[in-house]
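In the part that follows, the structures are each spelled out as structure tokens.
Two complexes come next, and they have one chain in common, chain A, joined by chain B in the first and chain C in the second.
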Partner chain A sequence: MKQGLICRKVTFVRSASAGSTRVVLDNVEARFAPASRTLISGPTGAGKSTLLHLLGGLERPHQGEIRFDGQPISRWIAPHRDRWRQRIGLVFQQLCLVDGLSALENVYLAALPHACGLKHLRRMGLAALERLQMSPLAGQRVEALSGGQRQRVAIARALVHQPQVLLMDEPTAFQDDHGVAEVISLIEAARQRGALVVVCSHDPRLVNDSHWSAHYHLQQAHLTRVADSAACSGIQS
Partner chain B sequence: MKAAARHLLWIWAGREVLRRPGESSLLLLCLLLLTLLMTTALMLTQAFSETADALITQAPAVVVRRVTAGGWQPLPAGPALAAAAAVRGVLNPRVRIWGNVSGPQGTLMVVAHDARSPVTDQHGVALHLVPGQAAVGAGVSGADARGGLALEGHESLHLEVVHRFPSETAASTYDLVLVTPADARRLLGLPEGFASDLVLDVFHEPEAEALLPELQGAFPWPVHLTTRRMVRGDYRSQLAKRGGIFVVSGLPALCGLLLILVATVKAVRNERATTGLIKALGWTSDDLLRLYLYKSLLIALPAIVGGIAGAYLLVFLPHNQWVADLFFGWPGPAPPLALSIQGVVWVAAQVAVLILAPFLTVTLWAALGSATADPQQLMQGGRFL
Partner chain C sequence: MLWHPILIGVWLTDLSVALLMLSAAWTALKMTVAWRPDAPSADQLRLERSAEDLPLKARWAALLLLAATVLLAVALTNVLPAHVPGAMCATGVLQAMGSAGRRLLTLRGMALLALFICQVIGAIDRHEPRSLLAPAMARAILIAQPPLWLSQWAFLEAINRLRPHAAVDCCALLYERSGGLAGRPGSMPITDAFWMALLLAASAGVLALAARIRWGRPPQRSVMAGGLALLAGFWCVLAATCLKKVFAGYIYQVPSHECLYCLFLLQHGAVGFPIFGALAMVLAEGLACWTAALIGERRRPLADAARQRASSAALRIMAASVAFLIMAGMPALLWRWRFGVWIG
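Up next is the complex of A and B:
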């Protein structure tokens, strides 16, 4: 990874009721450097999740483009964007775990395209859950887990294949302070192995962390850079 | 997806099938029953056709029957043999004594045992019948406790059943009662020197058709000539009528198939949110299509194999009579039918076209809509199943 992710004049419009539309992102410009961790804060409904989904190739912007290492990923055809998503780890705000499957099987879902066999798959899954102290609950069905445990499974799923790009949407919403500290250390570990990490959150415990490489604030469809790493400390959303 | 990891998709597809055991079992059962119903009809038709073809091939090339305005009449054996032998190209002319009589539970075919071509049992031992004795086919029922069989024809006779042809014997022995020529004449009312019909062979089958005009004029009385080709045509037209019945009985099966297909499409569409999630997690459209294909095959293949195996047992299992009774109205055990490997392949191909192909096509068509959409579009408003 050389240049990281770049948003150029990204605009996204969502259909609202009765045929009207709402501009969710308006001319968004941002750069997410390799081996960095970036925080995007903003009020609820500001469009943070939409921005993450655009970065993750889950949908395309209506205007502008998103580039990764100089390649216009948002303009790629579907099969190429399929490949792009294999380089990403994504934590959804709603967690999006599959009921009826165990914690380990939910983690398998993301590891399967990367595994070389059943043993390898199992090893990858258990290692990811172990990092979140969730391996004792690996065989539990996810619907039987608490909110915090479910969120840890979702994070383990995003980390299982050691993605180049880690996109996390409110990853601490169900975590206590100890859990937040663990999530921050995982984010830092991912950054240190060279991953590009983008976290959307309005959790003060994350916002107050002083180790963000960059901090953006999203409000009324506009993304503004708040401060650089050193200045991030003490910023409240 | 790496080639080495492809087999994981099979495992995952199996896990997905087991995640909804009730739905999967029900779908498997529906497909199995559908296959069983359609394959039984197809296999029975094919087996009947092949068995009839085999019997006709072994039958004489031409059958000559004397006819009058009142129907068929016995023919004098000596003059008939002489007239047939005078026609160039006729081989091995011989007369037969046979006809239908009433048995305890329906009409039976009485055939006179010809000592020149002895009948053997399943061990190869020649049967020796004396007047008052009979050898009967598997479909002949109604013998009394002492092994006696009462027959009503021109005369009434009470015969002792000394041999019963096993059910594996050719279908031609199914309702046959083999008796001595003397008993046959008494039952059929044939005077000495007369026969039921005359049969002959030819060098090559096409010659039979060419000989017909000459044969027609060779006898001093009107005759009706039947060649193998004519018999084959009769069988086929009968089978075509049965085929019409199969179509009518197949309509509910087709409706059932349509219902299964509609339910399959709905099930795939209900999984859109999960499909979107899986795609968001790095699965490609190709992976998703494979997953749906493997899931379908894991359900459809056992169902179809089970259905075909069940149909085979229904059609060919000895002593199983209700299927033949249902489709052909045979009252007793079904006559043994034969089906060649080509026939089995033909039936399997028809089942594949009628059931497997529509099922897989509809599944993949429904899955294609999900697999090629953007993940977010699929996940929006969806519920994770």
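Up next is the complex of A and C:
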């Protein structure tokens, strides 16, 4: 990874009721460098999740483009966008776990394109769950877990194949203070191994963390850069 | 006008193809006018989204048109002769259809080939994320429109000319009248040996050229592929002629009967379908090989994918031409083995 992710004049429009439309993102410009952790904050409904979905190739902008290492990934044709999605780790706000499967199965499902052999997949899944202290619950069905535990499974699933790009949508919404500290340390570990991490959150416990490489604020469809690295400390306190 | 259920089936399938191609043509037309890949404007991104559907529409159109054409072939050769007085195979039915029948078959063939080339372009383009061949695909879809629409018109015209009470001549009568059995008076007789020598020489040429493209590393692949496409076209004409002049007699087990449409009849095992299928494959893959080689030369990022496609086209040409020789030649060899003489 050389240049990281770049948003160039990204505009996204969502259809509202009765044929009207709403501009969710308007000419958004941003750069997410390699081996960095970036926070995007903003009020509920500001479009943080939409931006994350655009970065992850789940949605396509109506104008502008998203580039990864110089390649316009948002304009790639469908089979290649699928391959892009396999390269990233994504934690959804709604978690999107598969009910009826165990925590371990949910986690190694995401590693299927990257490894072959059930034994290897299980080992990868267990290692990811271990990092979140979830290995004792590996065999439990996800619908039997608490909200916080389910969120940890979702984080383990995003980390299982050690992605180059890690996108996290409200990853601490169901976590206590101890859980938040663990999530922050995982984010930092991913950054240290060279991954690009983008976190969308309005959780003050994350916003007040002082180690973000960059901090953007999204409001009324506009993304503005708040501050760089050390200056981030105590921005929203 | 004769509206047999099988003809209604062909017409409805054709109608689906027409609707698919109409929507594809509209996108293709917009692309030829407003395709600006360097600017990620709202209009361009909208076009790019629509362009992603083009190969899919072209694939479905090609599959449906192929199905409709096979159905039409079954109708012409095995179903409609029973409804056209005097007809014993498709010769009589086409005679009843007049010039519209021949036009229908020619235009259908052209539309199928154009849609097949769309498939080749789409398959190579899928190897590169930026859809580099989208404008070429749009042009190919526009090129496929005239033969497609004209064939639809020719179909209706041909069906309109079918009359259940107007009698036609059967193929045997027609060929006898045109001197098929005795040879045209005054014309120089060409022996079966001459046709066979010509076919075997052309087959050797096709196989050698295809093998060179498949396994060799020719410096000017597109020139060689173009040569293969032309040779494949010539070979198809020659093979059909040999089928008519030499092989047909062995298949029908009569001294001379030059009607190619009788090969499709069930009493002759409907061998016309696989035999003409092999001929169509040689012709189509020849064009695919040439198209792929041209793309590989002009679009460097797609060179590997194009080389692979040209190489697989060469292999298919070899397989189809050998299959044709076996299917057409086997009855002659069996005849020689059983009776110790050639018919000619």
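The definition used in the following text is that the second predicted complex is superposed on the first by the 236 of 237 C-alpha atoms of A that agree within 3 Å, B and C clash if a C-alpha of one lies under 4 Å from a C-alpha of the other, contacts with A are read in each partner's own complex, and residues count from 1 in each chain.
Quick note on the criterion: a contact is a pair of C-beta atoms (placed from the backbone, for glycine too) under 8 Å apart; a residue touches a chain by one contact, two chains touch by 3 or more.
Because the structure is predicted, anything quoted here is derived from the model rather than measured.
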Overlay on chain A: chain C relative to chain B, clash or fit: fit
Which superposed partner A:Leu109 touches (first chain B, second chain C, both, neither): first
Partner chain in contact with A:Leu118 - chain B first, chain C second, else both or neither: first
Contacts of A:Gln71 with chain B and chain C, given as first, second, both or neither: second
Partner chain(s) touched by A:Thr11 [first = chain B, second = chain C, both, neither]: second
Which of chain B and chain C A:Arg60 touches, first, second, both or neither: both
Vertex chain A angle, Cα centres of chain C and chain B, expressed to the nearest 10 degrees: 40
First, second, both or neither for A:His80, with chain B first and chain C second: second
Distance of closest approach, chain C and chain B, by C-alpha atoms in Å: 10
Common ground on chain A, meaning residues reached by chain C in one complex and by chain B in the other: 60, 78-79
Chain B - residues contacting chain A, complex: 1-2, 4-5, 7-9, 11-12, 15, 19-20, 274, 277-287, 372, 374-377, 379, 384-385
Residues on chain A engaged by chain C in the complex (per definition of touch): 8-9, 11, 60-65, 71-73, 75-81
Touching residues on chain C, where the partner in the complex is chain A: 40-42, 45-46, 48-49, 52, 125-126, 129-131
In the complex, chain A residues that touch chain B: 53, 56, 58-60, 78-79, 82-83, 85-86, 88, 90, 96-101, 105, 108-110, 112-118, 121, 157, 161
